[in-house]
Amino acid sequence: MDRTKVLAMLTVLGLALVPVAAWAFDEPFWIDLFARVAIFAIAALSLDLILGFAGLVSFGHAIYMGLGAYTVGILSYHGITAGLVHFPAAIVVSALAALMIGAISLRTSGVFFIMITLAFGQMGYFLAISINAYGGDDGLSINRQSDFGSLLRLDDLHVFYYLVIVILAALLWLGFRLVNSRFGLLLQAIRFNERRMNALGFPTFRYKLAAFVISGAVCGLAGALLANLTLFVSPSLMHWFRSGELLVMVIAGGMATLVGPVLGAIIYLMLEHVLAGLTVHWPAVLGAILLLIVLFGKQGLAGILLARKKVKEAKPHG
Amino acid sequence: MSAGTVLLVEQSLNGLQFGIMLFLMAAGLTLVFGVMNVVNLAHGSLYMVGAYLCASVFAASGSFLLGVSTGIAGATLVGILFEVTVFRRIYDGDHLDHVLATFGLTLICNEVVRMIWGPTALFAAVPQGLAGQVQLMPGLSYPAYRLAIIVVGLMVAGLLYVLVNRTRLGMVIRASASNRTMAAALGVNDVVLYTIVFGLGAALAGLSGLMAAPVFAVTPGMGDNVLILSFVVVVIGGIGSVRGAFLAALLIGFVDTFGRAFLRPLLASLFAGNVADNAAPAMASLLIYALMAVVLFFRPQGLFPPRTR
Amino acid sequence: MGKRRGFLLAATALAALVQTAQAADKLTIGFMTTLSGPGAVIGVELRDGMLIAMDHLNKKVGGLPTSVIVEDDQQKPDVARQLVNKFQKSDRIDVAAGFSFSNLMLAVYGPLTQAGTVTISSNPGPSQIAGKECSPYFFSTSWQGDSWAEAMGAYLQKKGVQNIYLIAPNYAAGKDVLTGFKRFYKGSVAGEVYTPLSQLDFSAELAQIRATNPSAVFAFFPGGLGIQFVKQYSQAGLKDKFTLYTSYTIDNTTLPAIGEDAVGLINTTFWNAGADNPVTKKFVADFQAKFGRPPAEYAAQAYDTIMLLDSAVKAVNGKIEDKPAFLAAIRKADFKSVRGAFRFNSNGFPIQDYFQGRVVKGEDGKPTIRIEDIALKDHGDAYASECGLK
């Protein structure tokens, strides 16, 4: 087993031990905090699939999280509480949105791709504000968690927490399989030289679109989980700042490593929490760290923890 | 003069005024984009710096002109500081580097402003001489301050046109925007050029911010939303094209204002109930981004790309 | 983004010393308010009113050493939601108080009342909370959101004004205010417009008003929105053409920033800083001394929140764990309010008088609000009948 996978297992194990620590130190808030961390880890993981492996800088990824969350919120609003409806619906809705957005955006590249994904993200944000029936600017409260019957009671925070961790672990495992599959290798090859892959007869557009849709669907799942944690959805989920934060998590943790984004989400949200306790001006510290990462440490935390060789391989050309 | 005509003229002026403010923001952004190929999210911070400096100096000294000069000078200095300390190190990086580094800069700037001026909003005053209205036509008196924004903006746009198209510096800028490597090979000193272009962009952003200060509230992070709109302008206009930025800014200004003003009656005639009341303003914002996506899809180079290319 | 702007007001060392078995040894209040952005105009005033009350009580509410944890909700519903979670699980508060905007109040109302956290709103009073979704754990020391506008509606109805143009931001309170206005105003409406809550440039809307040519305008724009709206209304030359009537817009927080442009405006309120009432006099004097400015309604409401709590904690001898007794003591409202007598309606909102006033030039040349008349006397809200509580 390679070191990336060991690091991934250790990370998941660490997250799984949080409720124990919360109990030992009598700090029940930690479970809420880390449930949030793990959910954002899933979202960052989904972004890494297209950012790290396909080189697609999506600056509007928060829209899928928002769509997933709003799907749960809107279904609950209309009295549909079944989790077996909520989660598939959230995934399908965000996948369809990703299909549509991807089909249009992927015809552009470079900075135009960044801008067009940003435009779609903002459209989602303003759409959520404009639909008054579902709260508009005020957001939408959800009465209770998705209903999976008595087997899986999501209103029990411990049950919910471990569900999130299991999903995260499963997605990591699937992610590792995916990026090392023929599909994953083709994606990475496209990132290095798309023209050559095209010339070799690979339908590169379709490969990128497939990755984009998978990424959107997973991010939608994260959104559905977030809606269940906070029981509240609001347009700010889709604000461009959120999309920026997701990018930061991926980069800070280490691109194209899958486990990196998970670490990135942990670092980002923990820094936010810890710094916020120390100073009201914590975003400045965060900003400084971000600058330092770009100027001096592009490989991210995972890159530092793992062999440097691996990271060099993953570095894109131009 | 019929009431309908007056309304149309007034809303056009509103659209023009908003468009002009966007243009001043976008002009700097598109120059930096075109010449250095850098995505600068921190451009909104320069807008904020201009607004804060002008509003507080004006409030303290009572002199609007002093406020304006401080605002522009301050934004220019901060811009040059950015260029020298951060941007020089990331010109060679990819766009992702730019997004992250300037996102970080934005966070820092917002907090520094919060440290100095506090988190609550400042409400900038309009200078005494511009507080009234100007009678433009029978039945239409337009706020003098907004008229001043239009006039100043048009003048700056004219100066910028002359600068870019009629001076040696402009020629160098155009050459660099067209082909950076070739321009450098032909002896263009890009270190100095980049600093000048960046400073110029910063000055324009500061001017835009300080003029916007009395129209909006002066708050930490005030530049962030204008920034995103300016990106829309830059992309629609064609990256690197000042002329494109001007036309696209006016387009966005008009779409936004007319969307807010006339989308509601339009929707009201289509849908029952208060759908229109609630949805119209947000729909207008949505329209702008939809426009950007359409332009990017059909003409990724923008509607008015730089002619030199 | 859980921005923390917390500071403890009580000596925790003292709290550790006075550990008695039966009664609670300390009181922890989670005070949520808006301290950043244009909405901070209201949020800061709420906080400062609370601080004066804490000064008056020597930082002991009902005799218990009290810590007030002040947090900034940034005027974002999702942030507010996270803060409540932190209040309940990390800070383990006894009482949640403060609150600046109605949409934030609605976002946190469920988690607070469902968990049985005693909640006192120092400002917003959304109709939902006053009516069907009312809770025995919720109280307001301010008003139900329709009320000031109902008073204005009643005033204009009496005055016989016709063809009025209505404008308010598009959020929970905006809708309540216009609903309340129309409950008492029966004349014709020239137009009804909602603007996005984050919008500060009203040029497009002002042009529409000019084109509609109404006989008057009724506007609701709280805090920073009001400052911008009234200034722009005047700058566009509309002030002299169409009289501007406002609720929750002109007060001592916004008046200094608006200045001359506010003179001549008509507003409604429930409280008058110049009232001849010993509690108000002491409150206003101490507020002026500490912060160098006269307080607005928001500060008075937050002051009352703490004073109400003080009376209830005293009544149960500090045994706030006895929830039914504590709630009953709050409901009695046996405290000295800035508005003189104070009593609760069945839904936990006050029943009180509402006044109509006008902005005039004061003796020092600065604009000030002069109360002119009572608009609604002993007024309770329209939603109390929908609330199942007694």
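Letters are used for the chains, namely A, B and C, taken in the order the chains are written, and counting of residues starts over at 1 for each.
Basically, a residue touches a chain if its C-beta (ideal position, glycine included) is under 8 Å from a C-beta of that chain, and two chains touch if they have at least 3 such contacts.
Keep in mind that this is a model prediction, so the values were computed, not measured.
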item: Shared interface partners, meaning chains that touch chain A and chain C; value: B
item: Busiest interface, counted in C-beta pairs; value: A-B
item: Where chain A and chain C are represented by their mean Cα positions, the distance between them in whole Å; value: 39
item: Inter-centroid spacing, chain C versus chain B (mean Cα positions, whole Å); value: 37
item: Distance from the mean Cα position of chain B to that of chain A, given in whole angstrom; value: 32
item: Numbers and ranges of chain B residues touching at least 2 other chains; value: 114, 119, 278, 281-282, 285
item: Numbers and ranges of chain A residues touching at least 2 other chains; value: 129, 132, 136, 280
item: Where chain C touches two or more other chains at once, by residue number; value: 72, 170, 196
item: Interface residues, chain C side, partner chain A - complex; value: 1-5, 72, 76-78, 81-82, 85-86, 89-90, 103, 106-107, 110-111, 170-172, 196-198
item: Complex interface listing, chain C residues touching chain B; value: 35-38, 40-41, 44, 72, 170, 192-196, 199-201, 203-205, 207-208, 210-211, 213, 224, 227-228, 231-232, 235-237, 257, 259
item: Chain A to chain B touching residues, read off their complex; value: 51, 57, 59, 104, 107-108, 110-112, 114-116, 118-120, 122-123, 126-127, 129-132, 136, 240-241, 244, 247-248, 251, 280-281, 283-284, 286-291, 293-295, 298, 316, 318
item: Of all residues in chain A, those that touch chain C in their complex; value: 27-29, 32, 129, 132, 136-139, 141, 143, 230-232, 234, 236-237, 272-273, 276-277, 280, 282
item: Residue ranges of chain B in contact with chain A within the complex; value: 33, 39, 41, 86, 89-90, 93-97, 99-101, 103-108, 110-112, 114-115, 119, 224, 228, 231-232, 235, 239, 274-275, 278-279, 281-283, 285-286, 289-290, 292-293, 296-297, 300
